[in-house]
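Next up: some structures, all given as structure tokens.
The following pair of complexes shares a single chain, subunit A, combined with subunit B in the former and subunit C in the latter.
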Partner chain A sequence: MNIKIDRDMLLKPLSAVSSIVERRHTLPILSNLLLEAKQDRVTLTATDLEMQISLSLDGAPGGEVSTTVSARKLLDICRSLPDQAEITMAIQDNRMQIRAGKSRFNLQTLPAADYPLMAKAGGETGLVLQIAQRTLKKLLKQVEYAMAQQDIRYYLNGLLFEVNGNRLNVVGTDGHRLSFTSTELSQSYEKQEMILPRKTVLELIKLLEDSDEMLTIEVGSNQVNFAFSGIRLISKVIDGKFPDYTRVIPVGHQNSLAVDRQTLLLAMQRASILSNEKYRGIRMVLGKDSLRLISSNSEQEEAEEELEVNYNGDPLDIGFNVTYMIDVLNNVDNDVVTFSFADANSSCLVTVPSDSNYKYVVMPMRI
Partner chain B sequence: MRAIALVDCNNFYVSCERVFDPGLIGKPVVVLSNNDGCVVARSNEVKALGVRMGQPWFQLQQLAREQGIVAFSSNYALYADMSNRVMAILAGFGPRQEIYSIDECFLDLGGLEHRHLGRYCQKIRLTVRQWTGLPVCVGIGATKTLAKLANHIAKKHPSFEGVCDLNTLPAGQADSLFAAMPVSEVWGVGPRLTPRLQALGIRTVLDLQRADPERVRGRFGVVLEKTVRELNGTVCLDLQSVVAPRQQIMSSRSFGIPVSDLDSLRESVTLYVSRAAEKLRRQGSYAGAVQVYIRTSPFNEREPFYGNSLIVPLPVHSDDTRLLVRAALWGLKRIYKPGYRYQKAGVMLCDLVSAKGLQGDLFGAAPADGKSARLMAVLDQVNRVMGKESLKLASEGFRRPWRMKQGNRSPSYTTRWDGLPTVK
Partner chain C sequence: MSSIHLLPDHLISQIAAGEVVERPASALKELLENSLDAGADDVSVMLLQGGVKQLRVTDNGGGIAPDELTLALTRHATSKIASLEDLERVASLGFRGEALASIASVSRTSITSRIKRERHAWRISSEGGHLTPNEPAALDVGTVIEVNDLYYNTPARRKFLKTEGTEYGHCEEAFKRIALSRPQAGFMLQHNGRAQWRLAAGEPQKRFGAVLGEEFAEQAFLIDESAAGLRLWGMAAKPAYSKLSRDAQYFYVNGRFIRDKLVAHAVRQAYQDVLHHERHPAFVLFFELDPALVDVNVHPTKTEVRFRDGQAVHRFIFHALHKALAGPAGSQVAAPEPVAQAMPFQPTYPTYQPQIPLRAGEGLDFYRMMFGERPVSSAMITEEMPPQPVQDYPLGFALGQLHGVYVLSQNAQGLVVVDMHAAHERIMYERLKHALESQNIATQPLLLPVSFHADRLEVATAEEQVGVLHNLGFEIAVLSPTTLAVRAVPSMLKDADVVALARAVLSDIREFGGSRALTERRNEMLATMACHAAVRANRTLTITEMNALLRDMESTERSDQCNHGRPTWFQVTMAELDKMFMRGK
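On to the complex of A and B.
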């Protein structure tokens, strides 16, 4: 039985689902993806047991078939075939033959029945949200870089989604800095929260398009489903309690400073060259209408940047991990960024005038 | 040409024991590793008997009886104190010093060339001998690698009277000395590199000195290329007079008797963390993770082997013994398996940062939580003034039946009042 499909139609969906296939897998079948043909649709599915992506595309299957085949090899073959090649996949017994022009590949398959599909949670769904793809993508990109990575506080290795009334709040933190953003929903809901794992967040950002097309989020008890543009993404959620972020977002920091984002970013990047390789520390020294950035490394080399700014607050000498500052300056899309301080031992609040929903909090570093 | 000296104490641990027990001079003496396992220092008399470095002590029982070998358990308090005295003396003999290990240091003799360096180094030997009782040898070369070799020559050839200055040696003499030394004597050429070099016909120090640095780099990498250049007098490795703070702090011991129960392991792990945390605070660092490990004896063939370790990351960097202990015990519980007879446990504090670079945490206590810092300062101060373990966590245990064997440890002559030697 054969499936005929254009190489160009297959390539993008194939790389989208393949990206979650782990290189080091426990079960051999996890390096495969599930290929199902039915009527005029071909569906590709990949999973790492924590999340699963399915994608449907138009094909011309000559019947019904389902099998699994190595994701990496199929992708490599597709990628290296010429544009506009027409691919024919013939499946027989436990082999798949791929033909395109004068190329021919024989791949091993494993039975589709053995593929560990994540079942869509049955029973009542807790919450169904509708949101534009573009909006969700923006929210995720605003906060994703503050998520923890392999932290023992496992509940920090993801983003908090919190629905409260008609607001959706999204929060990421690694304990050193925290990013918060929020958007308005079309209707009101009871307060509810879930933690979306780091890998799912990063995959979603890749898959989401800058379009106004709506996306549906269904939150179940231990999993969440995203459906958009022919893609269905199922992910486990992190079972844990996210820390109370509201108490660490400071209010009433008096010493404020508005700076040109690009100027400060470039200055930070230059100063970071000579910051300590391990701690990445940088001093922000604030005086009347002046901001100096000072860094030094273990070889006693030093860098200093001076910026003319409008500042009337208390003189301040405060240290930060420069990476955390560069992260926020890289990820907000506004010309001006506002920094608010209390003193050298308290956190710093970063905001942007154009988006009052966005907040970034960084703890200082002793320097 | 630079003049770099390597000063090295002869048979350091044995020499320390002999200082306070002169009756041992001329007798075969060894110092054993922790738990009296194997030989870690040998007097010349023992070397002459063919006893190898690292040889297990139980293999030597008969020889020891026949030859009257005197064996000491290691007394690190004594060796460390004697080492500090030697290093302090040597610091006065050169503008720059790099303390390379407990018994050797490099001295930059730059600016002293107008003196006769051979005589100058004899004065160094005499001073150390007179002030501490310890014998040392000095090797001088244009680079650290050459100084190491010079020191080796000074030790092995009595005609040099303990000082060898390669810079003033006639070229022919240096060549014939290098031709007689196997390439494995070169600093940085270990047992793995030696056979690979030999396969290329590089068998002696002279062979390596004459090897083409470019070719050596191609085959072995930049590290050995540096060695070759150093052998030819180009300084590639300079003196490191500032001691970088340790990147990890380790504390581990073998048990005196095998231990099976979790409680005893908990006691020992708590004790080791306390020791390591003391060192951590002394160098002003904070740990980001604690590694704990346990294992049964790898030499016991009658029982199954089990060994495991776990790194427990901390949410915030800390120097608080209590927090570090909690993390280590959490890890211990996860790797402990009942039914095994454990022979060794250990902990390592890793991901160390200094106070500079301490990142504040949004959800935890402030890093400089004043209370914890004050408590730890008091703990350390009490133990410094009143003696080790005057104040300790009760979970370190009191009886400690698992304690390491130290059958024949000499008194702490220089660091404890009750260890002071008396002259009758």
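On to the complex of A and C.
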């Protein structure tokens, strides 16, 4: 009933699955992770009842083990052991003994049979997608920051995945701004939607690697499975109707402005220092070939930034929440960003020249 | 099926009595009001068994002429109004001409009264509404009304009466309400032969103190505001003297005690910022306005009124109280009562005890050794003494800090103890509020408008009050007769629950003509910010910082209370300290 495993080999998967374990909850077994060993293969599983991550690693000779143990303590022990230490885990009388060198730890365990595993989605699932890890990671990172956080409109606390024909659209919004991106799929599917919860999105971004390895997404009626490089992630989906984002994305805005991302970002960050700390308003004043950023706070302090740009549209004075602007400038991976305006009361569309699929819509603020 | 017929007169009176004379206390209220309307300035009340057995009101008012005695006990007979015009601008307490008849119909009542020009008094008795003829009696000018055996002929009602103690309590409350409203009249209350209250005619302030307790009088401040024909005067207690129940709330409209939703709301809002939400303020307030602008004929007991221009009344009461409550720290200190012994301070020379500059190095080293390096000690030593005399500053000058929580200060009256976190929190909060109020409201239009199901009233309000909503930073569109959509919200509250916010604002606008719901939500947020920005316990302050805090408190509105309504400072006078040490005995 022993498992032998290399500390370095265990540490990374262990921290990956432990990250979803909530620190505080009422059900003690949820602070544990499920550890199963069978024929040289160890599987670690953690869950918060909304999502579940399983990770398998090979090359851990030992007997058959199936138990649950505190995720946080196990992780802290592994982390503080010296590099290349060899860990031996032994189960005896509901306790797990961990030995490495001259260190010895005895941990309480709870029976594996009680662990609340999420059942894999039934067979009636229609949709199975294949997509490269790198692509999915890029899509998520492009839109993730526009998601709502603990909004009472629960369907906004996640990302919309919409499959339509051979396109996969991913959309996030918090009711004030919206980000949209899209990619091409290898084959066509029937139109289908699901909303992936915020926490799952953030975990996925952490787990996904910049590789071309393919990833399989299986969409069930109320859950979705992601399988990639030894990891299996099962997540519930948010049951709700996502707002019709197509009506929100403006078309035909005439006044457009292309500007260097880094320059504008730094100017925005400087101007934001003196914007009102609660509603973060900033004015963008556009004139012929000039863009001024003006902010002022409740103590009557003011900041003004002037940028030389190429602009031939109408003169415009439009207010925004500077956080929304800094978010988009931080997250697009292109040197040039294009802003399109209609007037001071209509939404602004942000696009990047290199990726025509990406769109960011933000509502102005009347300061 | 029985035929339709007119009810006998005494039965109609008994039915009316059900509304007017709910219990002995309501009969007492009616009788006292009659006395006051008759111009009495000395009224005594005698009760037996909680007013159930006997209720006797004696006054020195104008009296009732002998030939009108019978009429007095008749329904809808009154001397107070004569025409519809009179009804529209009623200045007397009563006017319906119902009370006496109602009381008489359910009890054995007798009225003895003499007017000035008569040589002797006359008495009329009634038993359940059946009158006996007038008979001569002996009495000085005035009226005595005796109500015996209330509800003797309506056993059903009698069963609903509570114990003697409870009924007496209600009578006493009715008595207090009337007594508060007429300080210029003397009042006396006896129960079962024992005098309970004896209130001499005098100043309003004295009367309030006598009825509500000296503590109230000490803790309350005077209000007298008038504008555009409206006047609000009286006394309201400082937030620190608040109660868990609403029982110490007396509001009078043109001298008549009322309990009104609109008024209660205005008062509540005025105290909003300084009172803990579970506590209730104590006050005696008199609201005076042209009788034509208020309709008192809403309910037979007249505790409800209707204002012609409710919004203006709400605004006026709110602003008058709000302003009175906003005084900075120390400004509401009651004038120090003349103490028998001389004040320990002479105002002519600097009353501040300068600290001795400890120049001896050994001494300092010794303290360092004992207490470690403390910034305070050195700061205290080098501190320049303020040249101003203490009495210019109500909160005085800092002496030092107690356990890192309280600032001790010395003023002309003695010792001042200040809760530094609470005080600083209030100062920060007022500053944040002030900074925001001078700015325009920024509006955040929503990318995804939030629609919700609304009732007809909400829809109507949204349609009518577009301008008001716009000024508050809201944009609410009507989608259908039962659906509203919020298109824009104030930027400060963009992360709030939009629907709940919109509902609160619409209902406020409908009921009170404007909404403070948003201001309140915003203030809650500012309060949190202020709490984080304020100095925490165990932060060591230098004397300079402490003095700055005291000066800030003196110039900040509402700084007597922290944001949660707790007091920020209190005074220990020299007299109190002397008492503790039994000095000067």
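As a working rule, the second predicted complex is superposed on the first by the 365 of 367 C-alpha atoms of A that agree within 3 Å, B and C clash if a C-alpha of one lies under 4 Å from a C-alpha of the other, contacts with A are read in each partner's own complex, and residues count from 1 in each chain.
Here, a contact is a pair of C-beta atoms (placed from the backbone, for glycine too) under 8 Å apart; a residue touches a chain by one contact, two chains touch by 3 or more.
Bear in mind that the values here come from a model prediction, so they are computed numbers and not experimental data.
When both complexes are overlaid on subunit A, subunit B and subunit C end up clashing with each other. When the two structures are aligned on the shared chain, A:299 is found in touch with subunit C, with no touch to subunit B.
By the touch criterion defined above, A:153 lies against subunit B and subunit C together after alignment on the C-alpha atoms of chain A.
Shared-chain residue A:321: touches subunit B and subunit C both.
Applying the stated contact rule after C-alpha superposition, one finds that A:342 touches neither subunit B nor subunit C.
In the superposition on chain A, A:227 contacts neither subunit B nor subunit C. Overlaying the two complexes on chain A leaves one subunit C stretch of 73-81, 163-171 or 505-513 clashing with subunit B, which is 505-513.
On subunit A, the patch touched by subunit B and the patch touched by subunit C overlap at residues 152-153, 173, 175-178, 243, 248, 276, 278-279, 281, 321, 345, 347, 361, 363-367.
Listing the residues of subunit A that touch subunit C in their complex gives 152-153, 173, 175-178, 243, 248, 276, 278-279, 281, 298-299, 319, 321, 345, 347, 361-367. Here subunit C touches subunit A in the complex through residues 432, 435-436, 438-440, 442-448, 450, 488, 491-492, 494, 497, 525, 529, going by the rule given at the top. Contacts from subunit B toward subunit A in the complex involve residues 312-313, 315-316, 353, 355-364, 366-368. Contacts from subunit A toward subunit B in the complex involve residues 151-153, 173, 175-178, 243, 248, 276, 278-279, 281, 321, 345, 347, 361, 363-367.
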